[in-house]
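Order as written gives the chain letters A, B, C and D; numbering starts at 1 within each chain.
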Amino acid sequence: MASKALAIIAGVGPGTGASIARRFAQTYSVVLLSRNPDNYEPLVQEINSKGGQAIGISTDVSDANSVNAAFDQIAKQFPDSVLAATIFNPGGGMVRKPFLELTEDDYSSAIKSQGNGGFNIAKRALPLLLEAKDSIPHPPTLIFTGATASLKGSANFATFASAKFALRALAQSLAREFGPRGIHVSHAIIDGVIDIPRTKAWTFEHEDAKLSPDAIAESYWHLHTQPRSTFAFELDLRPYVEKW
Amino acid sequence: MASKALAIIAGVGPGTGASIARRFAQTYSVVLLSRNPDNYEPLVQEINSKGGQAIGISTDVSDANSVNAAFDQIAKQFPDSVLAATIFNPGGGMVRKPFLELTEDDYSSAIKSQGNGGFNIAKRALPLLLEAKDSIPHPPTLIFTGATASLKGSANFATFASAKFALRALAQSLAREFGPRGIHVSHAIIDGVIDIPRTKAWTFEHEDAKLSPDAIAESYWHLHTQPRSTFAFELDLRPYVEKW
Amino acid sequence: MASKALAIIAGVGPGTGASIARRFAQTYSVVLLSRNPDNYEPLVQEINSKGGQAIGISTDVSDANSVNAAFDQIAKQFPDSVLAATIFNPGGGMVRKPFLELTEDDYSSAIKSQGNGGFNIAKRALPLLLEAKDSIPHPPTLIFTGATASLKGSANFATFASAKFALRALAQSLAREFGPRGIHVSHAIIDGVIDIPRTKAWTFEHEDAKLSPDAIAESYWHLHTQPRSTFAFELDLRPYVEKW
Amino acid sequence: MASKALAIIAGVGPGTGASIARRFAQTYSVVLLSRNPDNYEPLVQEINSKGGQAIGISTDVSDANSVNAAFDQIAKQFPDSVLAATIFNPGGGMVRKPFLELTEDDYSSAIKSQGNGGFNIAKRALPLLLEAKDSIPHPPTLIFTGATASLKGSANFATFASAKFALRALAQSLAREFGPRGIHVSHAIIDGVIDIPRTKAWTFEHEDAKLSPDAIAESYWHLHTQPRSTFAFELDLRPYVEKW
């Protein structure tokens, strides 16, 4: 029996990453990367117990060595699987502070987790996605998660916006270089508060004012299923009541 | 038995409009608007013969009276149906000419078919979409079809770009006004040549270099199924080998 | 003695247009176009009395015949003058209303004054600007005045945003077509309230919270003086305290 | 006699930085920062010999310690001068390579010279610009030099585009935070080849196809002279024959 293809989700916590993992696990074996095993262990169990296949690897995406070790382990554990999709969905780097209170370390660590993180993951994922091209029904896919700060450098967001702008530049450059080679590179702009455990207590005047992580995951899956004749590069997602 | 909800597709020829109509006809009764009945008659037959429900109405979207007559006829023919979706997908106004050879009539007719057309359709569709809100499983949806010229005013495209920029402004304004009222307004940027009968003879160096109208339709349907917590406003679609 | 070159300012009232006229009148003879002679007469007197040269012509920019008559009159009155600059600075079309209260006439008249207006003026000005190329020290210049609504379709601004988006598309298209022919086409985004007689009573929390029409005019003059090696296409101007 | 105010130009070689220095030296004492003293020494001599006042400080903008040392030295050498303007005009980080050949070091060093560089300079300059507010005729100004890659992530430009997008985010964020405090923060997009010694041998089909560094400097000076009621944030500069 052929091995199932893989999806790698980098940046998995109890929120969007988990929903993406569940969605892609309906079709693929999923590999969950997060620094802290607490972030993926319950989800690995959940997916495996429901008949899916999942593993987690403790990985710091901002560290090339750590990313390399993760991909080496994936190659060992899934020697016969091709890579169908990789989702870069990191949480780090979000700081809101007056500029003069920011430290260079705030700047560097935002860039590290978003920019270098995206770079490191793309470097290892793209050769595998290129190899997978003729073995899977959908074009191999690399999706980056953006934010409001991907398009707008707001006051007090100098470091996070720098990092998210940088990640978007990376995504555009990869889409233009690897699109013609058959890889679907996309960038999703998540504009609003996501409805995850950490934001449960945040209340809004209107119902449904927080983004549904399952709906985000459904849009990511839709991107993955697009044929190469009709790739979307960018998609902005926000609650109906969000100001923009 | 409850009547099926409706989808109205304005701008139906043998290409994208037809694919959108077929896709939405899987769930809804569809109303096809086009100036020339030749554009919708075969499709109306096809959909009805396959168990769907379709009618066509000869309509000039750039003429408010014609649009009003069409919506009045729809109300008569489907007195018990709510309006689930409206797609504005006009073909007109595409002229490529050195600026000094363009006439004011080129300018006005591009604006008329795209800008006034979108305005006229939105004026009649939005009140019905607002009424439908609690009767259908997905948020009522209004999608506008854009083009490369929606974002870039290229040399020799002064009239078409003006018209497509205007339509995008309309879409943004409606998304911001009617989103909070529960209506999903979207704008899709179609960046490339669509694979339709008119472009069959256009050959490209690479396979799959033309957009698939069925894949465009699938993305429109995906937009329609998004919950109000997670609306996409804009989506750019292009072939993998397209320069952008 | 050689005749002074000309600058045409279309859309002159007591505000920005007047400041632009005064600035360009320091070097050129100026022609002021406005529907209502009350808008230019005091300014024509003022400029002439201070040693400049100015005429006014009652012109409806949205009407090609009216624009043609104006340019014919200019040719007669200044048979030996070349056209150094044209500024399109129309006031019309600004309506703020819920979409369902807008009429198609609101839509058409906004587009008429901004889109068709820009088209009509550009059609007559560009051939003259092309002729002027080697006779004046600065590259012949065509500047369009944009607004916040040139970039953002806000709720309740469907018609004005459509018109201003359309004008920006026209400006881009002309810049790409006529730039390589030596004409400097620019688009200035005026983002905020301008300090003109009509807004005198509008007070803000902070000083200097309204744009200075003289400072806008100074930036337009700066654009005009740029050499062809270093053209700016777009410039956004706003008060220091403006939210954006 | 009052001390002249200062302008700091970070990133000075024989090209744009030198032109900016010469332009601002007409009014201010100028401080030239560059890693390599060879880059500023001839210019320091030239400016001083023509009656201006200039010093150079060997500085690595990507290193906070080096930037701090430079600003400490400036404070000592000009104890009575206020800071009127700072221009961030770094050259580093430009690499054009297929993505899979790029190293993480390419990524980090591009970000370091543009992103961290801009961050380090802004951190030290902004407090001084805030102090200068009421002592100089023009609003204190901080200008960042961008590039084509500030707006577009092209194929093979993943690292440089990331760095330039990041710098633009920083500039936007600072403009929104410090604009309301009276500081003019701007971002200039230089879209094309600049006519500097390094590009002398590059020939183009058309004359004047390279940007003039003196004209760029003139536009920077224009930005500096804008009153706070009428700040430009962004300006794109390109040769008349440039494709965009």
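Assume a residue touches a chain if its C-beta (ideal position, glycine included) is under 8 Å from a C-beta of that chain, and two chains touch if they have at least 3 such contacts.
To keep track of the chains, here are their UniProt names: A, B, C, D = Short-chain dehydrogenase/reductase SDR.
Just so you know, these numbers come straight off a predicted model, no measurement behind them.
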Looking at where chain C touches chain D, is over half of the residue numbers used by both copies, so same, or under half, so different? same
Between the Cα centroids of chain A and chain D the separation in whole angstrom comes to 34
Taking each chain's centre as the mean of its CA atoms, chain A sits from chain C at a distance in Å of 46
Here the gap between chain C and chain D, centre to centre from mean Cα coordinates and rounded to Å, is 31
At which residue positions does chain C touch at least two other chains? 176
Does the chain-touch network form a line, ring, star, complete graph or other? ring
Within their complex, chain C touches chain B through residues 64, 98-100, 102, 104, 107-108, 111, 115-116, 119-120, 122-123, 126-127, 149, 152-159, 161-174, 176-178
Chain B residues touching chain A - in the complex, by the definition given at the top: 139, 176, 179-180, 182, 184, 195, 206, 208-212, 215-216, 218-219, 222, 225-242, 244
